[in-house]
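Okay, got some structures for you below.
After this come two complexes, each holding subunit A, first together with subunit B and then together with subunit C.
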Partner chain A sequence: MKKISFSKALFALMLILLLALAACSGGSDDEGSGDSGSDDAGTEEGTDEGTDEGEEGDSEAAEGEDGLYSIEDFSTDKTNEGEAIEGGTLQYGLVTDTAFEGTLNWNFYSGTYDAEILGWFGESLLSNDDKYRYTNDGAATYEVSDDNRTFTFTIKDNVNWHDGEPVTAEDWAFSFEVIGDPEYTGVRYGADFTNIEGMEAYNAGEADSISGIEVVDEKTLKITYIKASPSLLTGGIWPYAMPKHIFGDIPVAEMDSSPEVRENPIGFGPFKVESIVPGESVTMVKNEDYWQGEPKLDGVTVKVVNPSTVVQAFETGEVDAVDSFPADQYPDNADMSNVEFLGMIDLAYTYIGFKLGTWDSENAEVVMDDSKKMSDVNLRRAMWYAVDNDAVGKNFYNGLRWNATTLIPPSHPEYHDETIETPTYDPEEAKRILDEAGYVDTNGDGMRENPEGEELVINFASMSGGDTAEPLANYYIQSWNAVGLDVQLLDGRLQEFNTFYDRVGQSGEDDPAVDIYQGAWGVGYDVNPQGLYGHKALFNFPRYESEENTALLEDGVSEESFDVEHRKQVYSDWQKLMVEEIPVFPTLYRSLLAPVNNRVQNYSIAVDFNALHEIAVTEEEPIAAE
Partner chain B sequence: METTDVKMDETTQGVTKSPSGARIFWREIVRDKLALISLIFLVLITAFVYGISLILDQKEIVTVDLFAIHQPPSEEFWLGTDYGGRDIFGQLIIGTRNSLSIGILVTLMTGVIGVVYGLISGYFGGHVDNIMMRILDFFLILPFLMVVIVFVAIVPKYSVFTFSLIMTAFLWMGIARLIRSKVLQEKELDYAQASKTLGSSNIKIMFTQVLPNITSLIIVTMTLNLAANIGLESGLSFLGFGFPESTPSLGTLLSYATNPQTLEYRWWIWVPAAVLILLLMLAVRNVGEALKRAADARQRRG
Partner chain C sequence: MWKFIVRRLVITFPQIILLSVLVFIMAQMMPGDALSGMIDPNIDPAAIEKQRENLGLNDPWHERYVDWVGGLLQGDLGESFRFKMEVTELVEQRLINSFWLGVATLFFTYLIAIPLGIISGRWNDTWGDQLITGYTYIGFATPLFIFALVMLWVFGFQLQWFPTGGSVEPGLTPGSFDYVWSKFQHLLLPALSLALIATVNTVQYLRSEIVDTKQKDFIITARAKGASESRVYNRHIFRNSLLPIAAFFGFEITGLIGGTVFVEQIFGYPGMGLLFMESILLRDYTVVIAVVLLFGIASILGALISDIILSLVDPRIRIK
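And now, the complex of A and B:
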């Protein structure tokens, strides 16, 4: 997205929503309304897929000239210069023009900004590698049983809460009990939890404990899942403990408004919260007792920075680093002297979706309808051929977004199949396909009619927010007009974020006036696309289903798919199927940029970065621009 | 011209009639150099904008051109292009036309409604006045901006005309009140009373006798309102509640400046629109002030 402060917040909200959705891999979690995020995937600060993106071969490639940039030229790790000093305080900015909510507990937060803050003091028990899989390097280690259903976790001995109490298996089990509690007020309870044995009974109030969760001893926890799935290892296990000695006496319904969440939150991470200015900033000091060793910094201040002044904040040295930087401001500020820009491929894509059916809310499933305007796959394919996404990426985004090919973005290099041929800009081909499929202009108004000879007017819904939203939507409409398709902007204007998703179908009541729409999804760490394209997924906005699709998606989370090669093949087939069937077509992949002040060392936005305590600075204050 | 008829006798020849209102206005404007320049500027800009926009193709101007994004001013694009590769000069012309059209339309419509409403309310007085003024009070306390924003959100498609209607619905009250208070005074004057005694119908007295005597007030108020309405439209568009970008207006051009990058590095997108709004409103105001003086014999310079 581009520009405008307001837009940035919307965009962020969107991504929260999207992450949330993608994480609901079970498919029928309808509670993910509007802006509630439930990122089960355990996002630490910064997400990236690190080193593997080198070979990712998009048409954009590294083209330094013409003011174009390529994400491949960015590193995820800060280069270190000079000698680090003792202590120092890092200034970390949250780029948003609204206040953060301040629900500072993993079990209850819903906004990304709260998650960013949590990342500094409340650590995940499980760390992950650059392929998003859990590793044994974190605060807890795990073993999997032969049938892949039972996990045995051992929490390391020196892991202690900020108040000195040890983190125990009891605390972790308590976290599950809170989320599974019938009184639970947050948004986390979903397929990842119902897959635990006995969780549904506990949630319904029929059992006093969760039968699948067993506290073996003080530091050992055993969790048994109903269904084995490779998704469990990429964010499917809830890795956050909750201090039972603090929350044990608080009724679950009152937890999210308790001072233990809002005012004095604790964790076992490298920093501990000292003071909170609600909605504005959080001051943290180092946790000397941190299990990976004493942090090098004295503390961290996390504060809100307005997107329209974020450049100035960097120039004057007000902030050292931010969660994400508005990519559209990059070209004008690429040579800022006091920062280094880090970058990575974002876990997201923009796409054009076609409405092919409706949502049956009674059975909570997708119902395809062959009589929809967009039901003809040739029409959809022609529309893909008609747009020049390569040019869009280069001209609107200076190459920082680029032509997308399949529905698994290159942020998941293991599964993104770059060999798949997808339609690229070729208006002649689009016209040919339309002619062949019977879409011809019969009444001489310059616009094609459908094969039955009726007027074909396609209503296009697109979201406002972001400066390029408007020209981009108009560009697509023009391109489709150019091949003779009468595409009109729904209501003649862009839709506001929440209205847009309501009309597209986030509440299950699809607006029949929408024929096609432009949306964006953030994808979770787990590559499984069931939450977005499964036939039971509310967020399957195109309302597309087919036997093959269902079979492939099921296969992707089956036991056979513990074999990575098998899973790769399954998802490669699924990506091909999506290119053939085109319920949606991806338009752009995105990059994520994060400038860091030159004084900062050992900083990284890589997804497997789990060493906040190593971050150091070379000067007392951030360096200002020359 | 209100009650100044008698004094004017010597300036007229032949028929004993006071100089026409138009002539007094004209003299006042000529005397005031600033007002004269403003008027000439206004006439030129209006003629230019409406003239050129006949030739310009709006559809072509709002066509997104991927390969001409953020071009600085050049021979091809006199005022550069915006982030959609659209010519700013063309947008400025069409935008000014749209903004002016809305300003004028809203002024005229609020004027008509306000005058009729005020006239009836003031002339009949009593219960009629009481009821009508309470209705007016109701409209007055509505939060204008919020209601307009909601309206714009609800109405699926709107044109220059419908948008003017929405604005008119909440802007006629000021002028109605003003006219009513004037009419309250006017109807007590001898000529109105005499006409009444002679059996003229109320309609006739209202529209052919009282109304001509308050025209100067109407013209002055409406001129000053014009400046305010242009500003209001630009403000709404600036906030994003006016026209979509495919219908440029001065406000949408100005709103590009909310982007810090545009504000800092691409002046050509927003400076012309900002300058034009400033000049337009100043010019209308200058003319309006001159008219105001002309309408009041004690303040006249000419």
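And now, the complex of A and C:
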């Protein structure tokens, strides 16, 4: 009897231990996956918060060379098969586990999903080419004055709002007035607007109108900028009009919550909003009066699709296309029979940053500090040599991310300088540089001390989120350990998204405990990196500045740089400078994949695609996988 | 009885006030705020700072708390940073969805629990009972978020019996029959997933009650008096066993709240649970506070209902 109760007790104890073990291993949740909602529109410079990183990369490493893919094998345009039918409805998915905000107006939206929805019905007046420059093919044409400061826009005659009213110069000017209004509740007001003559006076309430904006006639608008810059041509001009006949009577402060934004949004794009289920879906029907011609589809349904089921949604034909597809799911689904995968180089890069100074909030500028741990450029260069980014790309991302070289990604082929030699994996070289610079192991613990003979412990901040975040951070730490540098994870753990950027310095209060960090940037249509590396830029997280850097960045947006050749040279020099100075070093470039159902025709993810009205389908319903 | 309820309500108020203070402070302590997701060089940091100022994010927490309570007393929960709309309006939109999900879940929970509990209790230790208890153990052990995903995959995607996301088919006119029907269809799978897991408690509870009551003296008496087996079960045992189940009802509501957080996220069903998750992740404080407070109130009320039912059915626990 006694024996039995003993064995029972033992069994119970084992169960308890098992539970304790299970509880201990439950640390890696998918924190941060919800953050995707705050990501910015893909077309703008924005953050990549490591969330999609998080969703990527299972254990494909085992596949070896055969399991690798290259972005060069993907096309941005859908190949057309079969005969298109009349009408049909496209099912478009927004891949997110949060609801979309529903602020459906260009002047007020803040979420990337709202921007996706807006893209279908609210068109930009200016279209752009594959080099991200404004063209004259869009709803409006433009002319630049000789001094490059004054732009004259002419809206095409047949461009009408969904309610039949013509889109006028007045509407466009109104858009500027709303954003410049002191009561404006959105976040768009910034350098692009203060650069317009008279904008600051208007914003301060000193002027009744913006002196630099002139409505010449019903269809002609003239905007005068204070400073000419080539950046104006690549997204620097606000291209969205706002219907004055609808919003004119609404106080600016109340616009963002008005039904005209939330329930009955309006635009002049190929589709018009028919109904909205808040946070879930938007049903759109074609705009027969569309200026480029009647759309071929009857309508588009945009709806939220959960990231964990997006593959199934494609297989069953629930969606035809989505706004973003988790790249880590590609290797498993590469041969899905009912879709074609489109791909392009993403406007983004991942990087390792070194803290070289602090932020002076009073003067709003970067202050370099030579006494920082990472101040020695040799140390930084050695750390670049120590990591094998090519292997990271192959093992973690199946080749869908690859070794990055310069800080202007190849998504901007005009300015990305391929010829620049950058450090690539060479641990011996790393060791040699460290030895020469005086980083040697003096106390025999296997880790190098700094030239003064003091212990050197480098704190590495990395963001949590998803399965690869931790192994990736560990990989980098091991690589640096291998060349004798004692790099440790800050606090011994990964940082949650908000904490990470707080400590790295998004509010200007940098945490001195952070020595190096891994981050990512999305780059804008405009190649100008001033917002990230300028000495007045809060987002210059490495807190790096130098005269040469400032001069080059200024030159890149100067009037001379309207000459593309000149600008190319400037940015080539800047990329070289960054490789020499290494305030940060880029680790990976990324690809963007988009599956599209086989029934869809004329679809494209190219940046200069402006023909949503041409999209057609060959069958009533999306094709399901076999 | 009334005295008891009033006394219970009086205790509830300080609980809610304490809850609101706690929630407020904790929300304040979370790193980042609603605007910290906008790390975008195209957005002027000054514009963001201005927004922070306008939204009062820079004020000390106690000032904001007083503001907030002031608003609350007038029925104003503030404005959501993210959705740019009144929190009351937003919560109303979502609450309706969650309410129907809750009702359907409770309905299924009891629809499954009562017959299973009775079968398992009446014929305990038969193979049928073993099967049912087997199911309850699996139910206890299965994490809801895995189970719901499996359900979605099998019934939503493989068999395609149910819609796989959202609360209604896009493009239907609210109020029409199609609209209501579509809402119902969208509700079924999440409600079933929740109910199949939530029900195991009740099944076990009912089973052990019945097994317990079966051996009570009054049942033996009833049998000795010659009452038929069905009469014994339906009139005596079942009734007596059901009372504690009724008392459990209040707690069931509390449990539901936890469940909806997972299920709504998996099914992309825009209810309170989803709103709760996303507002925390995106630091939409006003919404977090409002939702947590509502959840808190629901839990406290749930416990209150349980206490009241219990005291109605069982005079022994009534507070003197």
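Keep this in mind: the second predicted complex is superposed on the first by the 561 of 626 C-alpha atoms of A that agree within 3 Å, B and C clash if a C-alpha of one lies under 4 Å from a C-alpha of the other, contacts with A are read in each partner's own complex, and residues count from 1 in each chain.
Here is the rule we go by: contacts are C-beta pairs under 8 Å (C-beta built on N, C-alpha and C of every residue); 3 or more make two chains touch, one makes a residue touch a chain.
Values in this document were obtained by computation on a predicted structure and should not be read as measured data.
Student: After the match on subunit A, would you call subunit B and subunit C a fit or a clash?
Tutor: With subunit A as the common anchor, subunit B and subunit C both fit in the superposed model.
Student: If you count the residues of subunit A that each partner touches, which comes out higher, subunit B or subunit C?
Tutor: C
Student: After superposition on the shared chain, which partner residues are touched by A:V252: those of subunit B (first), subunit C (second), both, or neither?
Tutor: Neither: A:V252 stays clear of subunit B and subunit C.
Student: After superposition on the shared chain, which partner residues are touched by A:A391: those of subunit B (first), subunit C (second), both, or neither?
Tutor: First partner only.
Student: When the two structures are overlaid on chain A, which partner does A:I117 contact: first (subunit B), second (subunit C), both, or neither?
Tutor: Touch partners of A:I117: none, neither subunit B nor subunit C.
Student: Applying the document's definition of touch, where does A:A616 land relative to subunit B and subunit C: first, second, both, or neither?
Tutor: Neither: A:A616 stays clear of subunit B and subunit C.
Student: With the two structures laid over each other on chain A, which partner does A:E470 touch: subunit B (first), subunit C (second), both, or neither?
Tutor: After superposing on A, A:E470 lies in contact with subunit B but is clear of subunit C.
Student: For A:I237 in the superposed arrangement: first (subunit B), second (subunit C), both or neither?
Tutor: neither
Student: With both complexes superposed on chain A, which partner does A:S308 reach: first (subunit B), second (subunit C), both or neither?
Tutor: Both: A:S308 reaches subunit B and subunit C.
Student: For A:D491, using the defined touch cut-off, is the partner it touches subunit B, subunit C, both, or neither? Pick first, second, both or neither.
Tutor: Once the two structures are laid over each other on A, A:D491 reaches subunit B alone.
Student: Least CA distance subunit B-subunit C after superposition, rounded to whole Å?
Tutor: 8
Student: Same subunit A residues contacting subunit B and subunit C, which ones?
Tutor: 308-309, 496
Student: Touching residues of subunit A toward subunit B in the complex: what are they?
Tutor: 2-5, 308-309, 311, 328-329, 332, 388, 391-392, 395-396, 464, 467-468, 470-472, 474-475, 478, 489, 491-494, 496
Student: Please output the residues of subunit C touching subunit A within their complex, sorted ascending.
Tutor: Against subunit A, subunit C makes touches at 30-32, 35-48, 51, 54, 79, 82-86, 93, 149, 152-153, 156-157, 160, 164-168, 170-173, 265-268, 270, 274-275, 277-278, 280-283.
Student: Which residues of subunit B touch subunit A once you look at their complex with the stated criterion?
Tutor: Within the complex, subunit B touches subunit A at residues 62-64, 66-67, 69, 82-86, 153, 156-157, 240, 244-246, 256, 258-262, 264-265.
Student: Can you list the subunit A residues touching subunit C in their complex?
Tutor: Residues of subunit A touching subunit C: 32-35, 37-40, 44-47, 49, 97-99, 101-103, 108, 110-111, 185, 187-192, 256-257, 262, 274-275, 277-283, 301, 303-306, 308-309, 312-313, 315-316, 318, 496-499, 501-502, 506-507, 524, 530-532, 537-539.
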